[in-house]
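Order of writing sets the labels: A, B and C. Residues in every chain begin at 1.
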Amino acid sequence: MEDRSVIKKTYKLFIGGKFPRSESGRTYRLVNGEGDVICNVSQASKKDVRNAVVEGRGAAKGWGDTSAFLRSQIIYRIAEMLESRFVQFVQELTSEGVSPEVAAREVSEAIDLVVHYAGWCDKYQALFSSVNPVSSPHYNMSTQEAMGVVAVVAPEESSLLGVLSAILPVIVGGNSCVLLASYMMPVSAITLAEVVATSDVPAGVVNILTGMRSELLPVMASHMDVNALLLCSGEIEERKLARELGAENLKRVILRDDAALHQSPYHILDFQEVKTTWHPIGQ
Amino acid sequence: MMPSLPDLSQIPPIDQRGVEERAARIQTRSLKGEGKLAALKLAVSMLDITTLEGADSPGKVRQMCMNAMRPDVRAPEIGPAAAVCVYPSMVSVARKLIDKHASTVKVASVATAFPSGQAPLALRIEDTKFAVEAGADEIDMVISRGKFLSGKFEEVFEEIVQIKEACGDAHLKVILETGELQTFDNIRIASELAMGAGADFIKTSTGKVGVNATLPNTLVMLQAIRDYYRRTGRMVGMKPAGGISKAKLALQYLIMVREILGKEWLSSDWFRFGASSLTTDLLMQLRKQSTGNYQSNCYFSKD
Amino acid sequence: MSDFSKFTDSNNDEAALENTSLVDLRERYDLYIDGGWLAPEEGEYMDTINPATGKKLAEVAVASVGDVDLAVQAARSAYEGEWGYMSGLERGKLLFRLARLIQERSREFAVLETLDGGKPIRESRDIDLPLVASHFFYHAGWADKLEFAFPGRSVRSLGVCAQVIPWNFPLLMAAWKIAPALACGNTVVLKPAETTSLSVLRLMDLFEEAGFPPGVVNIVTGAEETGKSLLNHPDVDKVAFTGSTEVGKEIQRQLAGTHKRFTLELGGKAAQIVFEDAAIDQAVEGVINGIFFNQGHVCCAGSRLLVQEGVYQEVVDKLKERMNQLVIGDPLDKNTDIGAIHSSQQLARISELVACGEAEGCELWDSGQELPKEGSWYRPTLLLDCAQSHRVVQEEIFGPVLTVQSFRTPQEAIDKANNTPYGLSGGVWTDKGAKSFSITSEIRAGVLWANTFNKLDPCSPFGGYKESGIGREGGVHGLAPYVEIGF
């Protein structure tokens, strides 16, 4: 067969189910340990964050109202799509400098994590809801409701697993999310966007940005239409900034370490509001 | 007035817990001093002193009439009661004695096959006419609960219209027998039917079933009266009956009337207590107010 | 003398006054630190007044930074000492004992609460105090069962809790803060509102009587500065605040970068939605309770009424009729429905906002009752023909003022209800069960009342969405902010 040029992928953002370049036209060069350029990555701007939040807001209610069973089916579908791209993810991780063995382990863990969370969609409510025996003749119950739009700053030091462990608790609970991927290891996140796009996840539920944390974290933290912020960072200044700017609309700011999150239904709870409803019992 | 069948689709639903809470809140009201004294005297003047026993005798009815005309022999300024309430067979006995004393006390009679109402309509109409002809000023009729509970609202309405006609000039009180109507919604519907058919008063109970007048039942009826008044401009009276034996409770009823219907309804023309033993407790409380001493019922005549 | 006592237009009726002899006030109250009364280091005191008369009741200490530090140290020592080692069961037994003591002396506390805060005795007696006692009872029972509250996880206490509470429910807010903190094994430094310290200070006598070790609960009285120095004390592990959204945001900013956890219970602007198919009389009564409870000084008050067109006039007419029946006056009169406005500042704020509403074009209607000459008072007020854009619809008035808007479709009602940065509570009035479930699901707020309003219970979590706060108080969900959940 004739030698042919390999078609290289343009790495873009994922906003509202589409793959736009940054509106700013900016990119940054991703370089591996040997100094080779891996690719040009879109460098999202403030306006890209704004656009992603608009898409997230538009999708949030529909996703939150989607039946728990269907959300579960869709998230399980993400695992199927991930599995079918197993080799691709291993290759991409390897290109970012991870050893092939570690990369294979991480992709396996990532797929298993998705399967694990898919099962939580219709179960965490039973664990964390309550029927409260009030002393008046009322039926009183406390249930979980999605917060809405959650901004997620993924761990810098973890790639595929970091992104998924941060996104899954958010979307399992019916929120939409706007994710900022690791600056140095963004490739898996971008490919994950392609997986999400082919998994029946409604457009706008998951939005994935690449770019600089120092530029975008303040925008996410101060955005008045973002209900919660998950920041995976050990940097004291970043954590302080998130809380300070988040105060403007009393954003729920969840601070985690710069690493993939452990699997836990309590992470789902971080992005749930508790609603208590009173109904009289009578005629 | 012309009878008019209420538009059942316009009758509002009633929320049980809301009614109970409102009634409970009224029970936290407290009357003191002259306000309490005035309310106690008012309550005496609103009494329909009642005897409805198989063993009723002319003698008992006559004594009861005396009591109604002058409840407290030591305090002639108290009273008289609003009415005496008896079976049709005792109407003429009461009429004669009250006329002899030229008293304002009215003679009320239960009719329409009281208390069950389980007789053919023709007999119930005859029963009514008999009482009116014997001299009753007021007729306390019972509705057909069987027909009501089986949803035959128009028949219930029509029967009330016919009894009202049979009353002539006598005032008609329509007993809903709230204790048998099961729900507040039904009490509201029955109130609307009775008022639409021409009732001068609506009344809770016969006193012959397990649950008689309660504050929540009365509240629902008072609100129906108020809404009917807003719609038609016609005032309808209210009579809770049965189960009110203490002065404190009676005052709570009066407070409720004042809050729901206003002061216009605070007279025997528009509000009555159907009671037998309440009289004594009201008098005991009045005596306590004037003497400062707690009382014993042996100082007050029972009938 | 209340209007109500004029049952028959007589002018000689007596008010049904509660007996105040149960309460013997000291002239001056010091700080309660480490199980004893301590004079403030700078010797400063402030007056606390009865808002119904404007007269001074007592003097209360103003805690300085140094006093606050002593209180936090005492709480720390208690946490690291006897209290920290006490079993959950033993902690629970002390809380049970405390709850019983509160019940036993409930009337005295109710009178004190009414004297100092201006709320009607009917409410402090029938609502505040029973809830205070039941809150301690409820949490007493949790103290030895915490591992069951968090499935699959172990929990441990946090340490020293700094708690700042408002003036509208002084003792109840203290109970909401102290009970879960202690049940979970923490110690407390609490700052009551500067105008309502007395009942909480008196509660310390009961803590002693119940046998709590010194330092488990410490009270630092004072104003804003005292509160700031408490919340910013470096040895505090957890902050709980109830108050305005503005201050809540400031607290979140100040705590940024620290290890302190926090919960915030802030403002609200709840909608009450009345549908045409509602039980109208009960809805009207519920709306009345929703806005006029505690003079409207309630963060979860149903201050925005949304009425469906077909019953708009009927509901407004019935509201007016009912408002005319409300008794305004001496909070110690058992018949009083509307007590004193808590302070002259609050009165000024209510008046200013209502004037603004009128200027914006709302039609003002008030119940016209005669107001007492001394003290701070405000008549139950309706602002009719309000628009979503009006300031009175958007801002929390925190007084006996109800804005009224009409709507046609359920979606319109939901949109209006949610068109606010707040999300504390909401109410819906309909006779249709399916509709009541759907509307309560659609309203973005933490507490929803269907065919009722302003119901509170210790086992029912309370707290807001959006700018109404972060975290819940009460119920199993109210424990989470007071524990570290392990893995």
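Simple rule for what comes next: a contact is a pair of C-beta atoms (placed from the backbone, for glycine too) under 8 Å apart; a residue touches a chain by one contact, two chains touch by 3 or more.
This is a predicted model, so every value here is computed, not measured.
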Partner chains that subunit B and subunit C have in common:
A
Counting C-beta pairs in contact for A-C and for A-B, the higher total belongs to A-C
Compared with subunit B, which chain's mean CA position is the farthest off?
A
Mean-CA-position distance for subunit C and subunit B (Å)
44
CA centroids of subunit A and subunit C: separation to the nearest Å works out as 38
Distance in whole angstrom between the CA centres of subunit A and subunit B is 70
Which positions in subunit C touch two or more other chains at once?
451-452
Two or more other chains in contact with one residue: find those residues in subunit B.
15, 17-18
Touching at least 2 other chains, the residues of subunit A are 136, 138, 280
Spell out the part of subunit B that touches subunit A in their complex, as residue ranges.
15-18, 20, 183-185
Which residues of subunit A touch subunit C in their complex?
127, 130, 132-136, 138, 140, 142, 145, 147, 227, 236-237, 239-244, 246-250, 252, 262, 264-266, 273-280
Residues of subunit A that touch subunit B when the two form their complex:
136-138, 280-283
Which of the residues in subunit C end up touching subunit A in this complex?
134, 151-153, 245, 248-250, 252-253, 255-257, 264, 266, 421, 436-437, 440-441, 445-452, 455, 457, 459-463, 465-467, 469-470, 472, 475-477, 485, 487
Would you pull the subunit B residues touching subunit C in the complex into a rising list?
12-15, 17-19, 21-22, 28-36, 38-39, 42, 223, 230, 254-255, 258-259, 263, 266
